[in-house]
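Below are two complexes that have chain A in common, paired first with chain B and then with chain C.
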Partner chain A sequence: MKTIKTKTGIGKWLPRKYDLQKAEGTLQFADDLRFGPELLHASVVRSSVAHGEIIDIDYSEALKMPGVLKVIVGEDFPYHFGLYLKDRTPMAIGRTRYMGEPVALVVAETEEDAKEAVKKVKVTYKELEPVFDPVKAATTNSVLVHPDLHKYDHVDFITPQPNTNIANWFRIRKGDTEAAFKNAAHVFEETITCPQIAHGFIETFCSICKQDPGSGEITIWTSAQSAFTVRDIIAKGINYPLHKIRVIAPPVGGGFGGKAGMTVEALCLAAAMDEDLKGRPVKLFIPREEVLLSSWVRQGFVARIELAVDEDGLMQGIRNTFWFDTGISAEYGANPVRSARYTSMGAYNIPNVWADCYAVYTNKPFGGAYRGFGLPELMSALEVVVDIVAHKLKIDPVEFRKKNLLMKGQTTCTGMPMHDHALDKIIDKVAKKIDVLKEEPPIRKGWKRGKGIALAIKAPAIPADASSSAIVKLNGDGTVEVLAATMDMGQGTYSAFAQIVSEELGIPYDWIKVYYPDTQSHPYDWQTAASRSCWSMGMAVKRAASELREKLLALFAEYWQTPVENISIEYGVVKCHKLGKSERIDERVQNGFKMPDGILKGGPIIGTGSFTPPDLLYPDPDTGQSPKSVTHFTLGAVGVDMEVDPATGRIIINKVCAGYDVGKAITPINIKGQIEGGTVQGLSACLMEGMTYDEHGKLLTPDFTDYKIATIKDAPGEIDAFWEETPEEISPYGNRGVGEHSMIAPAPATNNALFRATGMRIHSYPLSRERVYKALKAKEKGETDFWEWPYALDLAYERAKKEW
Partner chain B sequence: MRDFVLERPRSISQALEILKNHGEKAILKSGGTDVIVWLHKSLKEPDYLVDLTAIDQLRGIVMNDDNVEIRALVTLNQVIEDNAMNRYFPALVQACKAHSDPLIRNRATVVGNICAAVPSGDMIAPLMCYDAKVEIVGSRGIRKVPVSDFITGPKKTSLRQEEIVTGIRIAIPFVETSGCYLKAIRREALDIAQAAVCCTLHKGDSREFRIAFCAVSPRPLRAVEAEKLLNSSSVIDDSIIENAARLAADAVNPITDVRASREYRIDMIGELTKRAISICLRGPAEEGGPR
Partner chain C sequence: MKDKYVTLTINGRKTTLVVEDRTTLLTALREYGVTSLKRGCEEGECGACTVIMNGLPQKSCLILVREAEGAEILTVEGLIKKGRLHPVQQAFIDEGAIQCGYCTPGMVMTTYALLSKNPSPEEEEIREALSGNICRCTGYLSIIRAVKKSADILSGKAKGGELREDD
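Right after this comes the complex of A and B.
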């Protein structure tokens, strides 16, 4: 039994760790680190064609430029990298696959020298036909982005289809969908599209790599969410021992999934491992204009959804085809596809499910992890389709959702029973808080007002063995150091870990420090991703802190000659009320206690803990069925009250109400922050975000001049964030993740509200002002639905139905 | 960014001397909100960057008997905070507020916006409505050019190599006046105009409307036909406003790009013109209204 007292344990509202240093500007990010005059700088030569054979790279003029030491090309570093599928080389080798792909790296004494020399590198291409649309790429295979797909290594649970553009194909075959559709009273079919979008983090990519010429040991300082995954991917990519690679991850200035795996590290390493350069650190800083070309973005998405509903309004079957536009690499992007597949029933109890999810290569910058991991795209489609069906069946959208809700014990699309949750209660609260069914007059003259609701659901899409471990150390003054290789990139996990340690040790929050990751000092953690940290690493930290507490109490028990049950730790002080003893934690926890018999016992007190999900089973590849495909789901609902100016298409969000079942709120300040932040990010994706290309594949929105994300003035007038706490069984305190989930439902809820306001359904995101305006013009001509999708819909429908 | 020599002249004559010595190798900088970005992106690669911010003669909004001078170093925030500017030139103040965000407005200058001469420059339309004159000094002396002649095309001006714009001069309207600047953008703040309309109304002996546009033509443009209709109508009712808006939309010739299509821009010109006229008619106190 734990016998502690603390005022700063779980559930308390406390100032967040490192916020002060961030406000003061003293926290050092990767770009702030100094390496002295030894440091070299690399700059990237990028492809000017979307698809082409590289005929020649002439860098003779670049080498003549001042300060230039070396120009490196793809063949010089011919390794394939990838988390799930090794389809990526740091530089193009022989063939370039998107406009902006690195084709050479110039290394020079200064960043300016390197940049100037980049302009002198001449690359000759033989242009090949590119393919940009995922449905066209998947269904015609007229252009193969990766003709060598069959040669690439991949993990077991990824299923690339050689000689196609399909990097991954996931299936769900649950029940008898054909019969369900045949017997259904109502059948609906809809298509919805989302563009690629960018994370928009403030800190751009930055890596510094160095190889010791003697030992061959490599050190990498990098802006990364997951230090150990960077180490793993690089070790596997260059076939190098893990212990010879050290990854140090300084504080990250925003990640949102964009720094979850390996980003530009291998590219930088190509220079640092070069025979002529090694021994000197090499820095690769990616300027804003190159960020979207340097790592993944959220995948484009095309969803075709068919829903079969019986006479009582119960969903009987769903048939989904999802095309994720993964650009030129699916090394990470193969997995959001899996994530969406697990959840292709949404938050609904649908007995018969048939789903095909594809990750499709195109000649565009590559797709991968982004907050929500496949679910914002999927639910932006599915929750609108559900709304359409409810409207057509003349059932109110709240009632239709509630009567079909996936409740405890009913099975998900993978056949796994759903755990307990409070989504029905959350839906009721959201509906009540924004009075979702009540039509109200617009606040602004001439505008139209509407309200909408949408549900959110997501599970961590982790490999079955994704593990965490932590070390908690007690200092000789009673303060505590926590080594947990989670990256706190603003989501606030270090505050959560400190509160967990305070809860377990009875030591005040302010005495607890959590350090940024370094693979040399920290024990292993799989990734900071999947909203898993407070749950998975939380478990490891809790276990480590408990172990430390038990060790400390045992020593005091012997020291005071009293049973351990009589001892407590209260606000950082060790007490035995029975004996009237009260002592501070001091140097004895480092060098031992002098026990009554005169012998010194103890020594440095360290607690360790680790966690691996105990019971996950990979689904059957043909049917997607598994009794425990995911650890748990976090569910929630979002209500939006908005209005639109029909004469300009401008949308203003009056109010958002968002509630999630978080199991247990460890750090309420973070949960509120995550819900508010995710809501605004979700609205931003809904209303304005999208990567746009010209017909040659040139990105027209490379920086914030034309890639627009929401400003504070675009945030809703009010965000009513709340949560319920239905405990999770396997979890440190019953808590579940919520970091990503808040981004899932704001877009479909807004889209549904727009329909209530105007009677128009827009099937293509974003709901930009111009698009809304155009849609409402189409409405005047009698249209009820509006698409804007470059690849002709009818063609897509026809081809999609064929086998490739 | 390529290396360059930073020159910080203390006087206009020193600045002119530097320009004379270095010719095309030198470029001018005041607020730097455009120039620094150009340098970063290697769009300009000067050998000499002539920073004008140490020249006291270029500072300040100066009220004269019948005109006001906005000198070259006057920032958008200084215009926004100036009482006389708010009183006499509300449309210019609104255009300043519609530009970028408060931080950038602390650096960006009115003159710089004109000199960048991009069609989406927010200062251009109000200065067209107020009939502003650009004051230029060079080795051959001073010349004054109307804004409409100063900007000769996208990113092109009639400024010569060895000249500096010292300021902008606008006649003070000694009549009751109202004005507004309405901007179509992709989000609530910090965007380049998809299209914008500036409308001013002077209520002297005769009522005079002036309307100008932003981001819908290669050179600055006044809505001559729409103005004619409004200024010749004794009563301005909804149908006159509708017709004026249609004439305005007919007058523009925008492009399609990543920010907006030609069609949307034309429609927004019509809509915003309608709103702008109504706002001006409602009086001087009106603050912008819906953008």
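Right after this comes the complex of A and C.
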């Protein structure tokens, strides 16, 4: 018998938590917090060379500037930080590895004072030869970005290669790929490239750190997705007890992975822990033009994919090699490489798989987590290759995909059986909604119109022990407070948690409040990442709420002297229909119930819950095989209807149709929002984004003037977002993550549509106007394929390709 | 730098601020305590600091506060009357047009300015008016729906506070 009734449980469309405060403008982000006149401000002196020895840092003039208290350099805070691989120092020590790397920190009474003084710091370098091209960096090792790689601590599931630029090398060896290729009726080989991509969140980085001089206790207010991960990385970096570090994470103004680990916190802490400054809070606000230099971006990549197909059009083998450009640090970026490799087969049933993924150091700002975590990279290459193959085999792209689909029980590239899903149904729907095989005349005169499809797949790339825990508290008026250290950075997780609590407790959604993370009050959560929150933290919240319900019902059962099965909670009221009882939740849930025998029982009622994935096993390092390498996959498909103007190379997206198997929709308003938002972010990456450097390694696209991201004018005319619900076994309600997945397939679907429109295949992202125009000009000369190496000034790629 | 004084009206309240020559309207308003406008780029690219100044939407990061002497400034905080949200704010909630919320105050103010001038804009006009405000979260389509709904609420064709549900 169901013991609760609610109108605001899972699956309902409800106003999102904190939207009211966001609309009012009263929600305070990190930069909006106020600390009074004691607050100090830091500003960063950045390297002007991409690779060089620091000969001298002269800050004597800076110290004479008004308001300046101190200048701190790398040697003053010589700690290594990193989530998976400790290869980062907050400031360069002795050697700078990219242009823009922090080399000194000026601390002053005001932000303006600090900025003015930065200009007075003189740094002398002895320039070293830099390396910008990941293939060159990995294959020649002529320049070593991290000669000390062998000394860095790392987790045991990543494999740095000392005395090379390879920070991580992941392999898959499944089946007999050599035989598969030898016996195949058709063999194809293609390369695809993509530059680094920026998150483009509108809130930049902001941290405020303070150390209590007596106790040494540290408090950090920061724009971070994962408060506990910041605490862990800092504690391990400076060898400090966890209980002396408190991380408070105010609302985050967009993360997309860019704030998933540690960003600028350690740099700010270098000032706050300074002997002369400690006790005063120090704020480090990173202005827009320094954001791309201050934390990671999506890794650029060079992909080579070979596919073996038999006479029936079935894929028999795949060999893929991915060179990920991870810049100067792979502390977090080692993991998207792993994530891409887990899924080397894409959404296809391929019995023989040989895959190598490398995270390669170069002298550029560094790579790390970005929405999709390795999968937009993998799939924007693989889904294009699959389309090329379908075209060459004269099989329609929908049929070719469906024929080879990885269905329930068939094994992934890591040897793990695929679970049930509805991707076949989703493909049919997308194909129908967008009429993908039907050629239609362009809407715009003189333009060419095309349609394309691509698939999406992604599993949470979490460590096997990535855990979540939650506390649910019942107040003396029946309202509820939830402590779950997930960051709601717009994806809407707090609405989901409130709906889960409402579902479990029968208490209305409006009576439930979920708080932003504070490591002092909240129980542990690994990270807000991997689209895992509604699933992993959702499990913890559900368990906490159920425990609370059981405690509450047990007390009412004794109070009313009736079996617990007879009691229900309906719309916030506790009822026993059998006895005709109906009571509101009141202070008895704080102070105890006076039972029939006159004795007080109970007291404050809280529920706790935790969750750790129960059955993950790290893959074998040599073969990548594991009975359960990932918890589950979310699959989907995207269809794009677009037009291109051959005169200018401009692409306009008429319509996108995107569907995913979400398992169970907890908060439909958020799923729709995630699909629409991720689709446009994916299209934006596809059509206009890419970090560009000059020949010295200077970033030419540091702000929104030069690094273009989609505006409202670039958004498609229509996005048809839908979802299917094939329940997941180990999951609170069968739900799976969908937050990142929407960014995976729009780019390859658009690329495929462009091919259908023009007959031209572009192998290098982005499909910018200039590049499309050039490609179409090449088409006029009879070319069918076009690619531009993103590191045009470094032609080593051409040579390296032969050496593969 | 020598301090100067600027007198302006912020959300209906006349105030005198102590500023420097280089102080932007954005910095001055934030230091005064109006933090709804955000520092997204401080270069006029993102629109997160949009305010209404003398009836026109302006990026406050591009205005020196001394240019705003005597000006009437309206921010998103000033849209709330007697504790009730303005229809534009309500429509953004109803349509799921808010995710992280960082661009929202700027989006709402630009929408407010658009609808003050053009009460029933076509979709192309909405896209044109909001093209200086960047949102990385929503994909913009919900924002377009919110602007349309704002117009409908203001003209009495729709009611605020009701969520759009898909089938």
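The rule is short, and it goes like this: the second predicted complex is superposed on the first by the 787 of 804 C-alpha atoms of A that agree within 3 Å, B and C clash if a C-alpha of one lies under 4 Å from a C-alpha of the other, contacts with A are read in each partner's own complex, and residues count from 1 in each chain.
Note that contacts are C-beta pairs under 8 Å (C-beta built on N, C-alpha and C of every residue); 3 or more make two chains touch, one makes a residue touch a chain.
A quick note: this is a predicted structure, and the numbers were derived from the prediction, not measured.
Contacts of A:Met688 after superposition on the shared chain: chain B is touched, whereas chain C is not. In the superposition on chain A, A:Gly175 contacts neither chain B nor chain C.
Residue contacts after overlaying the shared chain place A:Gly490 against chain C, while chain B stays out of touching range.
Legend: residue contacts after superposition of the two complexes on their common chain; A:Thr705 is shown touching both chain B and chain C. In the superposed model, more residues of chain A are touched by C than by the other of chain B and chain C.
Once the two complexes are overlaid on the shared chain, A:Phe256 sits against chain C while remaining clear of chain B. Once the two complexes are laid over each other on the shared chain, residue contacts for A:Asp645 go to chain B alone; chain C is not touched. Of the two partner chains placed around the shared chain by superposition, chain B is the only one that A:Lys119 touches, whereas chain C remains out of contact.
Applying the stated contact rule after C-alpha superposition, one finds that A:Gly739 touches neither chain B nor chain C. Using the contact criterion defined above for the overlaid structures, shared-chain residue A:Arg769 touches chain B, although it does not reach chain C.
Shared interface residues of chain A (contacting chain B in one complex, chain C in the other): 112, 287, 289, 705, 710-711, 713. Within the complex formed with chain B, the chain A residues making contact are 112, 115-116, 119, 287, 289, 444, 645, 647-648, 650, 687-688, 692, 700-701, 705-706, 708, 710-711, 713-714, 768-770, 773-774.
Partner chain C is touched in their complex by these residues of chain A: 13-16, 18-29, 31-32, 112, 199-204, 251-256, 285, 287-289, 489-492, 668-670, 672-673, 676-681, 703-705, 709-713, 715-716, 718-719, 721.
Note for the complex: chain B touches chain A at residues 1-3, 40-42, 101, 184, 186-192, 194, 257-261, 264, 267-268, 271, 290-291. By the touch criterion stated above, chain C contacts chain A in their complex at residues 20, 22, 30, 35-43, 45-46, 48, 75-77, 80, 85, 89-90, 92-94, 96, 98-105, 108, 126-128, 130-144, 163-166.
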